[in-house]
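Structures given as structure tokens follow.
Shared between the two complexes below is chain A, which pairs with chain B and chain C, respectively.
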Partner chain A sequence: MALSLLSRSLAGLLVESSSITHQRTFSVSAVAAAIQKMTRVRVVDNSSLGNTPYHRAPRVIHVYTQNGIGKVGDKVLLAIKGQKKKALIVGHKMPGDRMTPRFDSNNVVLIEDNGNPTGTRIKVPIPTHLRKHEGEYSKVLAIASAFV
Partner chain B sequence: MNILTRSKKLISVFKSSVLLDRTGVLRSVCSVPKARKDLCLPPLFTTNVPSCQHRHHLSTLNLDTKRLYSEICTESDESTKSTGVFREESQEMESDSSALNQRPPEKFTIDVLVSLLRQENAVDICVIKVPEQITYSDYFIVVSGVSPRHLRAMALYAVKVYKFLKKEGAPNVKIEGKDAEDWMCIDFGDMVVHFMLPESREVFELEKLWTLRKYDEQLKSMPTETLPEDFIYDGKVTK
Partner chain C sequence: MRIEKCYFCSGPVYPGHGMMFVRNDCKSFRFCRSKCHKNFKKKRNPRKTRWTKAFRKASGKELTVDNALEFEKRRNMPVKYNRAIWDKTVEAMKRVEEIKRKRQARFIMNRLKKGIQLKKEEDIVEVKKNIHLIKAPHAGKAKQLEAKMVQKLQEDVDMADEDL
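Moving on, here comes the complex of A and B:
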């Protein structure tokens, strides 16, 4: 009887340990650069193109700025599911201006060629300093549900 | 002639070209309206302006804003007209216009904007007061139009009235989405207006999102994101 109890508790423990996210004992700092060509990005809207799984992550193939560096509010060209799509950067891992949010992932919202967003809702928080930038961001801000 | 009156004339020249297209009212007012219409259409720096035209332009300037006032103050009674110049024109307008003694709207407020949209026959005006916690704007307006041309006309007219009513130091306002025919927006600082066609309005359902913030249906139907099993927190696995 004691054995069965033990085995049951052990089994429970084993199951739990596999579902906990693994933790390292040493800290690793990732390369924090702004978004440029060949960076893998995370699409944060609810478009089908951004959310259907594919064996390759969406990558940036062109950044529409003077230098090839993409910050928040810049348009980029992504390669998703074998097709090209324009997108807008809404957050990156690189620390920006003081008192602007820094995100743990390079977030991007898919956009059509005429500027309309492809998805209809954004769950991830969007920085409010987008509003002060020069550009057409009201549409993306209108479908956002959380602001940072 | 100082710069102020000349710039006013420019604005009024521009405005009268728009007004003469829209209202047939002005034709009866001034003696030579049609000839002036040809002059007015290209915006010119008119250096030698006859006095009659000057008066006509002043009156058209006031008329344009008066069109707005009549929408705003519909309940106020007819009051005595102040000057003889305006007498004929105001008689042609709707009987409830009594804006002469009313002060002109000095600021481009939400009332001005909504009355302007009503005047433009906007379909389904939806004004949402955004709560204080969301530091985006005070008012969120969604408006439908009959056709892309209608949307563009409404947007341009709104910008025109804003430019007329704004103070000197205030920034100008941009129309976003000019190349998208079905969705245009204007951000006036404390107000945001979205001009959409009914089809795209159905797709995006902005009113639903901005009234029920977290409880929106489309948000709820989005699958919640879960971390994958082998996710390693605090750092990225370098190649």
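Moving on, here comes the complex of A and C:
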């Protein structure tokens, strides 16, 4: 009986101490962000809209995914030269899946609403794992000259 | 599937290992592990980092020019598939690998042979310097003196004989 009392008090103490420590700790959720709203991106195709200089860099204003995070292969809405344009993400600075390359800049290819690319050539290397979206982005893959 | 070379240490990068980085000048770098990746980010020169193969080859510590190494160079001409060629190539690869290893080992052995000779010279110098630990300084002097005197006496006797 004494033992059970002891164990109960110990348990009570433990609970109290855990609650105390629980109050002290705070939750840190890793922000798994790659490309989100307001990120400045680099247009890598040879379209005129992407290559003419403007005093403001092209920025993402909407990401077409469930959470607002854009990874390689996601579509985004860009604000370029005062216009809205859709684009496809082809590389980001954030380390992604294993076996996918990491790029030195957030690269993007301008795209129409039906998925056709605006430019005619992409000189920057494109990750090969975009090929699994062969149906949607086949035209973009067709104009890419280097794969990585 | 291809076993790539790490940019920093020149080691093999097997599929599923390592990391790849694409720079904005479209040059891609593969790393076998985070050690090499971190050194690269610190802007270290692999030709000056002593543990890399690049350093060893650049400073002549390993075999650089050899016919066996020519096989590893990348060729940009695709070869038309032919089963016989495929089989022969696999066998040839094994033999070439064997030969290459032997040549590399022999190169390193030859390089290290100099060390044996230097060590011997060093040992001789050391013994001469510390001979007092092995032999007392005036250990055989008395006997030497005696032998000398005996020889001198003998010479005198011989000269006397000649005169006579």
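By definition in this document, the second predicted complex is superposed on the first by the 112 of 148 C-alpha atoms of A that agree within 3 Å, B and C clash if a C-alpha of one lies under 4 Å from a C-alpha of the other, contacts with A are read in each partner's own complex, and residues count from 1 in each chain.
Criterion: a contact is a pair of C-beta atoms (placed from the backbone, for glycine too) under 8 Å apart; a residue touches a chain by one contact, two chains touch by 3 or more.
Computed from a predicted structure; not experimentally measured.
Chemist: Is A:Lys123 contacted by the first partner chain B, the second partner chain C, both or neither?
Modeler: both
Chemist: Under the stated touch criterion, which partner chain does A:Phe147 make contact with: chain B (first), chain C (second), both, or neither?
Modeler: First partner only.
Chemist: Going by the contact rule set out at the top, does A:Ser138 touch chain B (first), chain C (second), both, or neither?
Modeler: Once the two structures are laid over each other on A, A:Ser138 reaches chain B alone.
Chemist: Touching A:Arg102, do we find chain B (first), chain C (second), both, or neither?
Modeler: Second partner only, chain C.
Chemist: Based on the superposed arrangement, let me know which partner A:Ser48 touches: chain B (first), chain C (second), both, or neither?
Modeler: A:Ser48: touches no partner chain.
Chemist: Using the superposition described at the top, determine whether chain B or chain C touches more residues of chain A.
Modeler: Partner with more touched residues of chain A: B.
Chemist: Share the list of chain A residues that count as touching for chain B in one structure and for chain C in the other.
Modeler: 123
Chemist: So in the complex, the part of chain B that touches chain A is made up of which residues?
Modeler: The touching residues are 134-136, 140, 176-177, 179-183, 185-187, 192, 194, 200, 203-206, 209-210, 213-214, 216, 218-219, 222-223, 225, 227, 229-236, 238.
Chemist: If we count contacts the way the header does, which residues on chain A are in touch with chain C in the complex?
Modeler: That would be residues 91, 95, 98-105, 123-125, 146, 148 of chain A.
Chemist: Can you list the residues on chain C that touch chain A in the complex?
Modeler: 15-16, 19-24, 26, 28
Chemist: Would you mind writing out the residues of chain A in touch with chain B in their complex?
Modeler: These residues of chain A touch chain B: 18-19, 21-24, 27-31, 46, 51, 112, 114-116, 120-121, 123, 128, 131, 136-139, 141-143, 145, 147.
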